[in-house]
Every structure is written in structure tokens, then in C-alpha cells.
């Protein structure tokens, strides 16, 4: 099924390089054509495969990403629009997205043999407008964060959802997260966990100056606009997945909506979101008090 | 459009009785046929209208409920299956559901004249099983709460969603809320606010014994099962909208899913959910600290 | 140093009975006089020691309690006023208080040999007044909880601290906890962790109906009064350590202040509160997201 | 009683300048000697009083600060060591500290006449060490915040209290707040409210990467050390009251303890902390749900 396989690894970590080599060897033994991303090729002592830049890997049948969830976030932003399925081999931290442990590459064989689950994870589309002009665009798999640029510095903004005014808020910032991102930064800010199949967006205030602010969950097809009404003394920013930053200023309009193409994420068949929660979030492991 | 109008008022409060009389007078001046609920009829000094029990009001084109959100919860449970639209005149507390203030009965005229919004609010369906037998059923517009029967008494249960095991939890109980209920009890337990149009269910632990528990939002078409694994010393219960209680015991299976028929709620045209949040939850009114 | 040793075990659990026998054997080999609590004596196949009721054990130099924190709470309420030091052998759950694991009875030998830490844990004193008359008194090591008697049933009350009005609250109830209790029920309700040496009381609302309520920490010598202003439909109660319950009614005054005598808790020398937090609350074990 | 009065106003806000002039006029009519801070003198059209820098105002009997809590924070850091009493006339936002409303200057007359309360608010002392050398010192009335320099960037550190290891934490940062600061930034991060008379310090994690982190309250005489174990990619900082920033780096030791001299804050006699909470935090104004 998956014949042409792309291989991407996060540079600069010894254990990633080791696993990249193992995955390359594993795939060479299969009836596959391998295309290796330019930076990743430099990790291999010998590489007899086609090499190309990440942006040009959209023609692959499957892309294997070695690294943590952060690496998958980057690939998702770059390649989701090509609809190419992606599978992660986890050499990072928690790995909610990267479904294959590095010591179980046999699961990758199962995927190649057609034994897998395909999950669609929608991305958020960011558009930044200033004086009516589009200043920048990006996408995020986890979250788009509008913030003052520094902790304990306040930013003030208005939020509308589908044109309906929601509130004026003064806070350190605002997190807009997809279900996929609900187990990442949003969670540490008090947001709920959302099942990946849910078509919803959660909006979580960061250290709000009112005690009545709460996380707000809206439909996945909502169009959000955040208008910056007061610029903090620091350098305010909007960030996608904490990887892409754009400077913002008073009067800017930040539009967030669902991106056109989702990440098509491949997981081994026995994968379960709640099992990930139990093991990665340590559900139910310890009990409080008496 | 709405010709046959049912009238229901919550008994026992003087201001409700007063408003019931005003609504009756208001409707008599319109080209409508009025049907008054039995208990409500006794509030009127003279009642020349047809009188019937609440259960038999399903044939009305519209039911006007005078009272608080609690009164609407009751009507929703009893009559949602008939698809009859319902409008609330608020003589209760906050009134997230009851859209017409008692001093603006003109808005009721607008509704009769066809100027209104119709919102569907789904109900949750509760089925309680013991030893394979159905012991009881009910519905809830806001929430279904499984609890130990007393505060600071622990109950232990397993939760599954669509057959997938989620967790074993020890806590005072569990709140399962609809979007409509997300601004009620669930909110005071730390759940997120969910837009009424969202097709989702939120699951909120009550005083969980682990520090890693968090509110969980799942799709509206999910089937939840809560299996009681350890009975507390007190008298555990499952409650619908805090109005219908059933005793539960170790081994019981509590099934929660979306009910077949939603409440069809009528609101004046200018009604806005976020405006309700701003005014009723006091969003943005006060700022913390320096 | 400790010559006359009292022995108390929680009845009804096999593993407690086993450990009680082991502790008895261990102490018999030491140069000590053993006094066994009446119920505990019945767990021993043979008991050649003096037997007396718990209330009469105040003359011991040290009381060994076998069980969980719950057992220690009971002994603390009954015997703290005698100033007798208490040490716990943990056969319960978490055991924040019971400092000796059952498989490390050598630590009990260390305690007898004078190698121990003595910590004072203050108790809270509850006095319940109706129509100016004292209706009941008790103490609590962890917490005093005023509640509606059932979840999702509201109780309304006024709180004063040292005569200063704090707030009128509508909620399911109110937790008043000592530093010792701050890692128990109060914690699951959102209260902070307080170091056991802190001279402070924390007041934590339970599912408050306002979004602006927050845990409040006051000085340990504060006098709190909670006046019930509205009785719920259920049966409201005030509870000490979830072990002693008193019915309350509208107009009742619940006074809470520090009790005259603290629990004098003996721990092995290497005991550390923060180590207990790390192991029992699972601090830092798992990381969120990416 | 208060004969020599210092006058300090926050520059740059028209309403502050107006109130500074009113206060000056008010004090001129009293039997007082006025000393005006250099920048403040420039706000007065005519100033026939002695003018000096803020640092040299320690000889005053009382210092009147016109502005918000932020202005008082600055004066507290600069002059608390001189033990000079300070009173605030509130031209800022909430004003938990500034006790006199600008339209009630008569209260300032009461203060001069000896009708006032004197509250001591302790400050936190920050000492920053690198390679064993003291790199910087400052004090804070509200809080000392160690942070990664940017939101959604992680910093890793170890915390000890009185030499006892507490935890290793990965988070956006850590707030260490006094009781005075417990109603400011700490509160929006989930910390408890602490009565100003409490001798305690609260430690609140900012977006911690573990779900088990909770606010921690320790004794006021505790010595805290935060050792930076991993430097984020951004520019990490430690901040006092969000007004004084110092850059920090991996290996740095941040010591926090109670400062030697408290702020001696003067308030009108009827001042009540809980009344401030009710009015400024909007306690009990609105009710949730049904």
C-alpha cells in the first residue's frame, strides 16, 4: 500500500540519529522506495536514496517522522496540505502523536502491511491583518497563542466568534487550541482534554485579570477574531505551536479558523487515545490524602 | 404561526403567579388558543381556558414556561420528545434558558409574530442497569450526576466511552453535562463553558482523589458507561438535573448518551449566548490586583 | 525514653491484624510495658498485656497506631488533649501521617531508642450553637466540612473571621482545613498545599455558585463563624474528618478555631514532608504534552 | 503626629497630576511641613516646598503616594528599609494597597489627626548568585517571579525550602508571593488569597508541565532557593513586582526570603481586607447556573 516512503528526522540529537539509521535499515529490507529529507540524509553514514527538501516530499505515500511531537508539528504545518499520511517514531518526550516506540519498529512493518488506523487531526489556520492587509499566515496543529511577549505583562484584546462579541480581556495572553493541542500547552493552562475526534476549538485565557474567565469550547467551524486593543510595554507575539512567531501590534486582527487540510496521522492498530492519557498523563496512579 | 399556546408556571412563588396572570392576560389579547397546565390553572383567579396535565400538552404549537431554568429543565424532560417548541419567561435566578424578562412581554408578542430564534438543545438519556435489567430511565437537559450520596464520601467507578476504557476513578462523583449544562453545576466543578451549538458532552470529576484528573470533552454521539465498582458507606445516587434521583449500588451500569429528541427552545431574535455569559457570569467586570 | 507503649489497630482488615501481631511481638522484645486497646486486643490470639479502652490510654508514653491516616485521625481526636505522643504504622492508603512502613519496624526501634522527630499538628475545634445553646463539640485533625448533605444541593451561609464579615456564599459546602488536612480533602477541592509547620487555616468553597470564589488562607489563631442562612432541601451536616457528623439547621452558628492541644506526632528521623509530597502526590513524575 | 509629610505621585497621568495638586493644597492647609519628590514637584505649577529625590525621603514622618498599587510597590521597595509609614491615594486601578479614594481626602485629614490603622506588610528579598558571587539584589512587596522570558517557553529548576529539596519543575516559571501579593499576579495563576496579617509565602507554578503541581504555602521565615537547571531558548528573567528585571542563566541560584524591614502601610480606620476582596474581586455578586 505505502510504496514510496519519506524519512524525516529531527537533527541534533544522538538518539534520533541512531533511530533514523535503524528505520532506514528497516525500510530498505522492505519493498519500498525511500526518499530522505535533506537534513536527515546527512545523519546517515551512507545514503543511496533519493534526497529532497521537506517541502518537496508531498508525493510520498507515507512520511515517517523520527523525533518527538515537536517534529510532527513541524511536518504537519509543512505538509498537511498535500494530504500525505504521516507516522511518528517517538524519540522525544511524551509522544501523544508519535505512535511507534523506537524499540518496536515491527509496528512500522504492520503499518506498511496495511494494519493501521488513520486519524485526521485538523490544523488551525492563522491569518494576521494590519490596516486591512494580510501580514502573515501560518498553521498550527496544537495551538495558536496570542501573548504579551513576556510573563506578567498584560495584553488587552477583544474576542469575537463568528462575528459575535465574546469579551474584552486583559491577561498575559490567549491560547486557541485544537483537540490535538488540548493535551499540550492548553492543558497546563487549565483547559479541558478534548478527544481527538471532536470537532471543536478551545479558547483558554492565560493568567486573566478577572476571576470569572473560564475555558470556552466552540464548534470546529467557528471563525475567531482577536483584535489587539492595547499594546503591552513588551513585544507582543502570536505563535503557532511555539515554533512560528509573528510580532503583533495594537489594532492588529488575528483570525483563527480551521485549516483546509487536516494532518492524516497513521497509528498502529492498537492505539488508543485514552490509553495515551492513562500512561502519559499518569491518570489514576496516585490517590490524594487519607 | 403559534396558535395553540400552552402555559406552565412553577407553583409556590408569588412573583411567578403574578407573571403567570400577566402572561395569560397578554395571550388572551392575541389571536391564540390557550391551554393551561393543571397546577398553573389554580394560580389564576379565573380560568376560562382548556386545562390539562403537563404530559398532555404535547399538541400545543408553543409552550410558555414561567419560572427559572429549573422549571424549563422539568418541561424539557417531560415534553422534549413531542418536539413542541418552548419559550421561557424568567422569574427565577439567572435564566440562561428563559429568554424573556417578565417586564418585556412585548418580546413574547414578537415570538408569536414569528420574530424569534429556534435553538435545539440536546438532552442526555440516562439508563440504569442492574444484573442486566433496566432499572430506570430518565433524561436531563443540563447534567447527569453520579455521586456518593454525601460530600466527602468516596465512590469508585470505571468509565468507558464507546466501549474504550477511560479510567478508574475514586472521587465524590462524576458530572456528565451537555453544552446547555456547561454553564450550570459543571462550571462550578471546573468544567469549561461550551457553546450551546456544540455537539459535545463534558465529563467532570468531583473532588477526584488523583491530582491528574481533568475535565474531558467527547463527541455528542458518544456512549458513556459508568460501572460502580465500590459502594460508599453512604447512599449513592444518580441524578438528572438535580431533580430526578435514582439509588445505585455496586455493580450497577449507568449508561449516558444523547436523547433522541432535543428541546426546541425559542428565544427572542436579539438573544446571544455570549451576551448571557457576559451579564450572568459577570465576565470582565472586575480586574485582579495592581 | 518511651517505656509504656499503647497499641491501637483499626479493626476489620486482615493486613492490619497481621501488622498488629508483628508490632506486638516486636515491642515484647523491647524493654517496654505494653497496653493494648480493647478492640485491638481481640485481634491478638494471645494477649498477656494490660487492656483498656482508648479513652483511658492517655497515661502511655507513646501510642502506636496501626492503620491508615483515618485511624490516626480518630486517635488524634480522642487523645490529643492528653499530650501523649503518637506514631503510626501505615497499613492504610497514602499515609501522610503514619510514618513507619509495616516492613520497616526497625524504625520503630529507632523511635524507642530516642531517634525520632516530634511534630506538633494542631487540631481544629468545632462548636455548634443553636439559639445560643451549645449543641455539640468535636475536634478535627484534617478538616471540618459544612455541607448541604448531598451533592448538587446548595447551602447558603455567612462567614466571619474574627468577627469581620467575609462573604455570603451559596455552594455545596465549605471546607475548613488545617495544614495537616491541606493534603487531604481540601486538596481535591482546589486548596493549596500548606507545610505542616505553618500556623494557618485554609477555607475552601465546594462548587461555589460564583466564579470569583477562591481558597482563602487565614492565621491559625483566627476564630471562624459560619452562620447557616438558608437550609437546603436535603439534610445539611457539619463533619469532622469525615468521621463525626452533626446535623445542622438554618440559624445555626458553627464556630471553628484552633484546639487547645495539638497532636504530638512522632516520625522517624529521616522523615520529610516534601518527600511525602513527591512520593504520595506523584510530583514531577510525568510531563504534559510535546 | 505626622508633621513632615512626603509627597510622591506617579508621573505621566493627567488624573494623577490633578490629585497631586489637590493633595498638596489639602496638606498646605494643615499644620505640616511638605517635602515633594523631584519628579512630583514638576507636576505642580508652583512648588514652594522642599524638593528631594525619592531615596532621600526616609526622614519624613509619613509619605503620601498618589497613584495605583504599582506606585506603592515602587515606594515600598525604595523606602521600606527606612521604616517610614506610607499612605496611598488611589488614582490607579484596583487599589488593594492605596486606601484613600481621591474624592475622600478628608480621610487623609483623619490620618493626620491620628485616626488610622497601621499594617505591616513584609517584603520579599531577592538575591541572585552566579558562580558563588552575588550578582544582584532587590526586594518585592507583591511577588518575585522566575520565568523563561517568554510564554510557552519552558524553564527547568530545582526548588528547596530551608535546604529541603521540594521538586524539580518544568514550567513557564514560578511565582513566589507574599500575602500582599496573593491578590495580584499569584491569584490569576491559581494561588490562594492570603490574609495580609499571615506570616506565609506562597509558591505558585506557572503552566507546569505536570498535572500534579499545586500552589504551596510555607512559613514566612522560610528560605527558598531556586536553582536554574536548564536554560530555555529565550531570555530567562527574575522579576520583582514586574518592575525590576534581572537576566538569569543556567546554574544561577535565586534566593528568596523575607526582607528585614516591612512596609508600614497606613490605612483609614474603617479599612477592611475582606471588604476590599468583596468590592475589588467582586465576591458573591453573581451566581452560576440554574
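Just so it is clear, A, B, C and D label the chains in written order, and each chain counts residues from 1 on its own.
The rule is short, and it goes like this: a residue touches a chain if its C-beta (ideal position, glycine included) is under 8 Å from a C-beta of that chain, and two chains touch if they have at least 3 such contacts.
Please read these numbers as outputs of a predicted model, since none were measured by experiment.
J.: Give the fewest steps needed to get from subunit B to subunit C, where each step moves from one chain to a chain it touches.
T.: When the steps are counted carefully, the minimum from subunit B to subunit C is 1.
J.: Since subunit C and subunit D are copies that touch, is their contact same (over half of the numbers shared) or different (under half)?
T.: Mostly the same residues.
J.: Just how far, in Å, is the C-alpha centre of subunit D from the one of subunit B?
T.: Distance between chain centres: 46 Å.
J.: For subunit A and subunit B, let me know how many angstrom lie between their CA-based centres, rounded off.
T.: Distance between chain centres, rounded to whole Å: 36 Å.
J.: How big is the gap, in whole Å, between where the Cα atoms of subunit A centre and where those of subunit D centre?
T.: Chain centres of subunit A and subunit D, defined by C-alpha means, are spaced 39 Å apart.
J.: Going by the contact rule already set, what residues in subunit B reach two or more other chains?
T.: Residues 185, 187-188, 208-209, 211-212, 214, 242, 281-282, 285-289 of subunit B touch two or more partner chains.
J.: In the complex formed with subunit A, which residues of subunit C make contact?
T.: Listed in rising order, the residues of subunit C that touch subunit A are 68-70, 73, 92-94, 96, 142, 181, 183-185, 187-188, 211-212, 214, 242, 280-282, 285-290.
J.: Spell out the residues on subunit A that touch subunit B in their complex, using ranges where they run on.
T.: On the subunit A side, the touching residues are 161, 164-170, 182, 187, 191-195, 197-200, 202, 208-219, 222, 272-274, 277-278, 281-289.
J.: What does subunit A use to touch subunit D in their complex?
T.: These residues of subunit A touch subunit D: 145, 147-153, 171-173, 185, 187-190, 206-209, 211-212, 237, 239, 242, 281-282, 286.
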